[in-house]
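What follows is one structure encoded as C-alpha cells, with my remarks underneath.
Chains: A, B, C and D, in written order; residue numbering restarts at 1 for each.
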Amino acid sequence: MALLTAVAHAPGSDVGLYRTVRLIRRFEERAVELVRSGDIVGGIHPYTGQEAIAAGVCAALRVDDVITSTHRGHGHVLAKGADPGRTLAELAGRATGLNRGRGGSMHAADFALGILGANAIVGANGAIAAGAAWAARQEGGDRVAVSFFGDGAVNQGVLLEALNLAALWRLPVLFVCENNGYATTLTVSDAVAGTITGRGAAFGIPSATVDGMDPRAVLDAAREAVDRARAGGGPSLVECLTYRFDAHHTWEHKARVRYRADDEVRSGRERDPVTIQGDRLSDEDRERVDAEVEYTVDAAVAFALGSPHPDPVGALDHLYATGMRARPGGGG
Amino acid sequence: MALLTAVAHAPGSDVGLYRTVRLIRRFEERAVELVRSGDIVGGIHPYTGQEAIAAGVCAALRVDDVITSTHRGHGHVLAKGADPGRTLAELAGRATGLNRGRGGSMHAADFALGILGANAIVGANGAIAAGAAWAARQEGGDRVAVSFFGDGAVNQGVLLEALNLAALWRLPVLFVCENNGYATTLTVSDAVAGTITGRGAAFGIPSATVDGMDPRAVLDAAREAVDRARAGGGPSLVECLTYRFDAHHTWEHKARVRYRADDEVRSGRERDPVTIQGDRLSDEDRERVDAEVEYTVDAAVAFALGSPHPDPVGALDHLYATGMRARPGGGG
Amino acid sequence: MPWLSYQKALNRALGDELARDPAVFVLGEDVRVAVSNVTAGLFKRFGPDRVLDTPLSEQAFTSFATGAALSGRRPVIEFQIPALLYLAFEQIVNQAHKFSLMTGGQARVPVTYLVPGSGSKTGWAGQHSDHPYALFAHAGVKTAVPATPEDAYGLLTSAIRDDDPVVVFAPAAALGKRVDVDHEGLGPVPLGVGRVHREGQDVTVVAIGHLVHDALAVAEELADEVSVEVFDPRTVYPFDWDGLAASVARTGRLVVVDDSNRMCGLAAEVVATAAERFDLVSPPVRVTRPDGAVVPFALALDHAVQPDRAQLAAAITKVLKQ
Amino acid sequence: MPWLSYQKALNRALGDELARDPAVFVLGEDVRVAVSNVTAGLFKRFGPDRVLDTPLSEQAFTSFATGAALSGRRPVIEFQIPALLYLAFEQIVNQAHKFSLMTGGQARVPVTYLVPGSGSKTGWAGQHSDHPYALFAHAGVKTAVPATPEDAYGLLTSAIRDDDPVVVFAPAAALGKRVDVDHEGLGPVPLGVGRVHREGQDVTVVAIGHLVHDALAVAEELADEVSVEVFDPRTVYPFDWDGLAASVARTGRLVVVDDSNRMCGLAAEVVATAAERFDLVSPPVRVTRPDGAVVPFALALDHAVQPDRAQLAAAITKVLKQ
C-alpha cells in the first residue's frame, strides 16, 4: 500500500487540489454514515459541495500560516493538513482525536499545524484570526492568518468590527467568505443588505468574488491575497460562490424542514468541485488518487472506531491551562 | 416676561434654528458651571460646538417621531423639545428631573416627546431606533426614528448590524453620525478604516456628508432623509462634520490629558454654529432670542436647584415596570 | 385527552398569545421554517409582520426588540443556542433590564427571550451546552426554567404578558416530555410561584427544569427509605422563597440539584438563603455542575459534568445521616 | 518610603511586566493618552507595538487578544467601564475561557481583562456602575478584586503571568487608596490565596475590594464590643476556601459584605459553602446590593443600593446575638 502514498504532489498542483477535494468529499460522506450509525454523536455540518474553497485557500498557505474555521470546519481542517484519522476520531469523541475527544466536530483543532480550531459561534473567528495575524507580524516573518466564514457571518457585528481592525492595522489576514446562499434556512438576499464584497470594500479591503466551485479559481484568488498580505499589503476578502450539497446539519436528514426547492438543489449540485477538478486529471491519475483517498479514509474510519473512548474521570482535564482543578459539582 | 416667549417660530425657521442652538449652548455652559460648583455630580459630556446637528435634525421631525441619543445627549433632548428645567433637574439628580433623578446626564429621556433616552453605551441606540421605527410602521402612519451617534460608534458591531437590519427591512430610520473627529482621544483616522458614509453605502443606505456646523445644511439633509423614510424609502445616513469645543467629559477640566493641539482647537472653534446661524438673523431678532434663552436657562437653573432631592427610600422604585420589589441587600 | 409535548406546549403558547394580542410578535433565526419546531405553523398562520426571520445579528435584533417594546410591542425572541445570549448580554442586562429604573418609570420593556434547547444537547460540546440561567438571575432579569409541558405553556404565557424582560430557558432534556392534558387545562403560571411536585416529610429537594424529572425519579427510587419532597421553583428569579420556606419548615432538610455551574449558581443562592433564614436539622447539600464547567464533547465526559441521579441520591442520603 | 497609590500600583505592575516579558502588550481605548491614568507613561516607554489604542470595538479587540494569546502573546486589555465586559461576554466566557478544554489542552489564552474603576463611580448611573465579578466567577473565569495597592500590584502581576484568562476588577472606591511601601516590597500575589487583614475571635467578616476598607473601619469602630476578623479572599475565583475555613474555625461566625447583587452573588457562594462545610454557631449574614440592582443616578440613591458600614455593623451585631 505504501505505493499509493509515495508520490507527493504540491497541494496547489492539479493533482494536489484534486486529492484534497476528493479527500474532503469522501471524509464527509463517511462521516455522515457514522452519524447515521450513531458512531458520531451530535451530528455534523457537512462540507460537501464547498470543498474547492478549503482546498484552494489552504493550497496557498504554508504550514506555519494559521487558519480559524467554523461550525462547518472539517474541510478546512483536512485541507490544512490534519490527519484524517485523528480528525475522524475527534468527531467520534475518541481519546485519540485531535482534541482528545473534548471538542468534536465544531471545535476540531490542531495547533501544531496552525489550525486554531473550528468554532461553533458564527462570525467569532475573524477577530481571533486578526489577533493571530498581528502576533505573527510582531514576531517578524511573513506568516498570514485565514478566517473562513459563511454568508451568515457577514451580519455578525464582531466580524465587521474585525474587518475594521484588520484594515486599520493592515494585518496579514485573508477573510474567506463561503457564500453558499443560505444561513441555515435564510437566503442571502433575505439577510444581507448590499453585497458581501461591498462590506469588505467599505473598510478599504480589496474584495473579490470568485467561483467557489473551482479549486483553481479559489487558489488563484487566495494566492494573490496571501502574497499581498505577506508583502505587508494588509487584509483581503475573497467571496467564494458555492452551494451546500447536503443538509445544513445532519439533523435535517431526519427533520421535515423544507426551504430549498428540489430544482434548486438539483441544479446547485450540477457544478461539482470534485468533478471540475477531477476532469483536469488523466484517468490514470484520477483513479490513483481516488484509490489513495479511499485507502486513507478507510484507514481513518478504522483508526477512529478502533480508538478508545476517553475516561470520564478526566472530564475536566485541561479546563485550565495552568492545570488548576475546579471544585466538583457532586454533593461531595 | 411672557412677551419673550410669546412669539412662536417654526423650529426650522432661521429664528427657530437659532433659538435651539443658542439654547443648547447656554444650557451646556451653565451645566458645566454646575459641574464645577458640585451641583451636578459625575460630570457631563458637553455638546458645545455640535449644536447645529441636534437643532437641524430635530427641526425636521414631528413630535410623534422618536429619537435615541448618546452619552453626549443634552442637545438632542432639548432640541426634541424637552423642558430645560426638568432636563437640568435630571442632571442635578432632582426628583423633578425628566427621569425623577434616576438617570442623570447619560440617560435623560422624555417618552412623551419621543425621546427614548440618552444612552451611556456607545453605538447601542441604533438597533433600538430600528426597533422603534419598525413598531411605528406596524402601527400604520409615517413616524420615523432617529439614531444619533458619534464617529466612535461606527466601529461598534451592534451599530453595523443595525444598519443592515434597517436597510434590509427598509425601516424609517435616520442614522445621524456626528463626526467630531475624536472618540475621546482617538482620531477618526486612527479608528475608522474607509469612510463613514462608505459604511452606510455598503448596506445600500443613501449616505451623505454635510457641514455639521451649519444648522440649515443639517436641516436640509435631514428633511430629505426624513421625507424618504416617511414615504417608505427606508433608512438614510447623514454624516455631520463637526468639532467638539469643550472636553470629551468634564473630568478633562481637571485631568492633564492632552491629545488635541491648541492650534487645532482654536481653528476648530472658529466656525461656530451659534454664530453661523446668528448671522442669519436681524440684530433685533437675535437679541430677542438671546434674552429669551437667557431667561429660559436662568429659570431652568432656578427650577433645578430649587427642586427636592429624591428620597433614598425609593432608590429602587421602577426597578421593575410591573412594580415587583427586589430583595434588599442589607443584612436584614 | 391528547398528549401534549413540552415543545408543542411552547408552540401553543406562542400561537395563543399571537392570536390574543396583536402587539405580540416573534423574531429569531429560522423561525419561519421553524427549525427548532417551537414556531411551527406560526408564519403560515400569522404572516410576515408577526413572525420575522432575522439575519445572524443577535446584538442588533435583541435591541431591535427593545426598541419595539419601548414602542408598545411585545417581542418574543427565539435564540437557537444558550450562548447566543452571551452575544446579546449587554443588550439584555445593561439595556433592556435597566430602562425602567433609569428612565424613572417612563419605559417598559416587555421582551421575552426564549431558548429552546438549553443545557447540554448531548454531543454539541463546549460552546452550545451551557445553562446560564444564574447569570440572568444575578443581573436581575426575570428567568424561568419550566420543567413540564403545562408549565412551559404557562410560564411562557406569563413571560410574554409580563411588562419586564423575561428569559425562558427550555432545557433540551425536557423538550420531549409529554403530559396528558387538555388545551382547556392550560393557562398562565405566575412568575415567582413554585410547585411541589411530590410531597414528603424528610427532605426537600429543590430542582428546576429537566432536573425535576430526575428528582422525581430519585424520590421514587428511595421511597422505601425516605420521604422526599420535590420543590420546583419554576422561576429562578423571582424565586419563591415563601414556597421554599414552607417546604423546608415541613422537612427540615435541604438538597438542591442544579444544572448551573457550582460557583455563584442557583444552588448557591438557595443554600445561602436557607442558611440565613431557615432552621435546618442538617447542613444542606448542593449537586451542580462543577465550578466553571465547560462541557466536553465525548458523551461520557459530557454526562460527567452534569448533575446526575446517583449524585442526588447520595446527597439525600448524606443530609439524612447528619 | 514613598506612598504608593492603588492606581499607581496598577501602572507599575503593567510597566514592570511589559519590561520583563516582551510577549506582554496592552490594548484598549485611550490607553496611549492614558485617560484612566493606569497606562500613564507606557506608550512613551514601550512604543506603539506594545501599547495599542483600539477603536470602540470591544468584541473584536477582545477576540483579537485571544488570537494573539493563542499565538504566544500576553495581552492586557483595559476596559473603561465594567459594562463593556458585557459587550465582550461571549468573547471572554464562551471563547477565551473554553479554548483550553475544547482543544484538549492544545491552547492557552493568557489574557488579562483589567477594569479600573469598577462598581459605582459616584454619579455615573445605571450603565456605568455595575460590579459584575460574580458573573465571571460563575462562568469559571479567574477573577481578582484587589483591595490595596500592594495587592493591586501583586494580583495584576499574577494575572498577566497566568496562562488562563483573568479578569481584574479595580474598584473605583479603592483606586485612591495609598500605602507606604517600597518598590522592592512589591511582588506577585498568587491567585486564590486570601489575606487576613485583621485578626479577631468572634466573627469572620469576608470582604473584597474597596469593602475591605469598610470592613476594617467597622471592625475598629466595634473593637470594644467584638473582636472581628477581616478576611479578604482577594480573588473571587478561585476562592481561598481553606483560608476561609481556617478563619471560621477560629471565629465560628460569618458575615459577608459584597458589592455584587444579592441573588447568586459572591456572598451567596461564600454563605452556601460555609453552610455546607463549616460549623457555624449562628446563621451567617450577607450584606450586598439588592437583587437585580440598577444604580440610580442621584447620589443618595446611588449610595442606598450599595452595602454600607451601618448595614455591616448591624449584621455583625446580628450574628453575635444569635
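Note that a contact is a pair of C-beta atoms (placed from the backbone, for glycine too) under 8 Å apart; a residue touches a chain by one contact, two chains touch by 3 or more.
Since the structure is predicted, the reported quantities are computational estimates derived from the model, not experimental observations.
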Both-way neighbours, i.e. chains that touch subunit D and touch subunit A: B, C
Of all other chains, the one whose Cα centre sits farthest from subunit D: A
Distance from subunit C to subunit B - Cα centre to Cα centre, in angstrom: 39
Centre distance in Å when subunit A and subunit C are each reduced to the mean of their C-alpha atoms: 35
Where subunit C and subunit D are represented by their mean Cα positions, the distance between them in whole Å: 30
Residues of subunit D touching at least two other chains: 55, 57, 59-60, 83, 87, 90, 94-95, 101-102, 125-127, 140, 261, 263, 285-286, 291-294, 296-297
For subunit A, residues contacting two or more additional chains: 99, 101-103, 107, 119, 121, 155-158, 161, 164, 168, 190-192, 316, 319, 326
Graph class of chain-chain contacts, one of line, ring, star, complete, other: complete
Complex contact set, residues of subunit B against subunit A: 155-161, 163-164, 167-168, 190-195, 198-199, 201-205
For the subunit D and subunit B complex, residues of the former touching the latter: 29-30, 32-35, 37, 53, 55-60, 81, 83, 87, 121-128, 255, 261-263, 285-294, 296-301, 303-305, 307, 311-312, 314-315, 318
Residues of subunit C that touch subunit B when the two form their complex: 49, 54-55, 57, 59-73, 75, 90-91, 94-95, 99-110, 140, 162-164, 192, 238
Residue ranges of subunit A touching subunit D (in the complex, touch as defined): 66, 68, 97-103, 107, 109-112, 116-117, 119, 121, 124, 126-136, 138-139, 145, 157-158, 161-162, 164-165, 168, 316-322, 324, 326
Residue numbers on subunit A that touch subunit C, as the complex places them: 41-43, 90, 93-94, 99, 101-107, 119-123, 152-153, 155-157, 183-186, 190-192, 255, 257-259, 309-310, 312-316, 319, 326-331
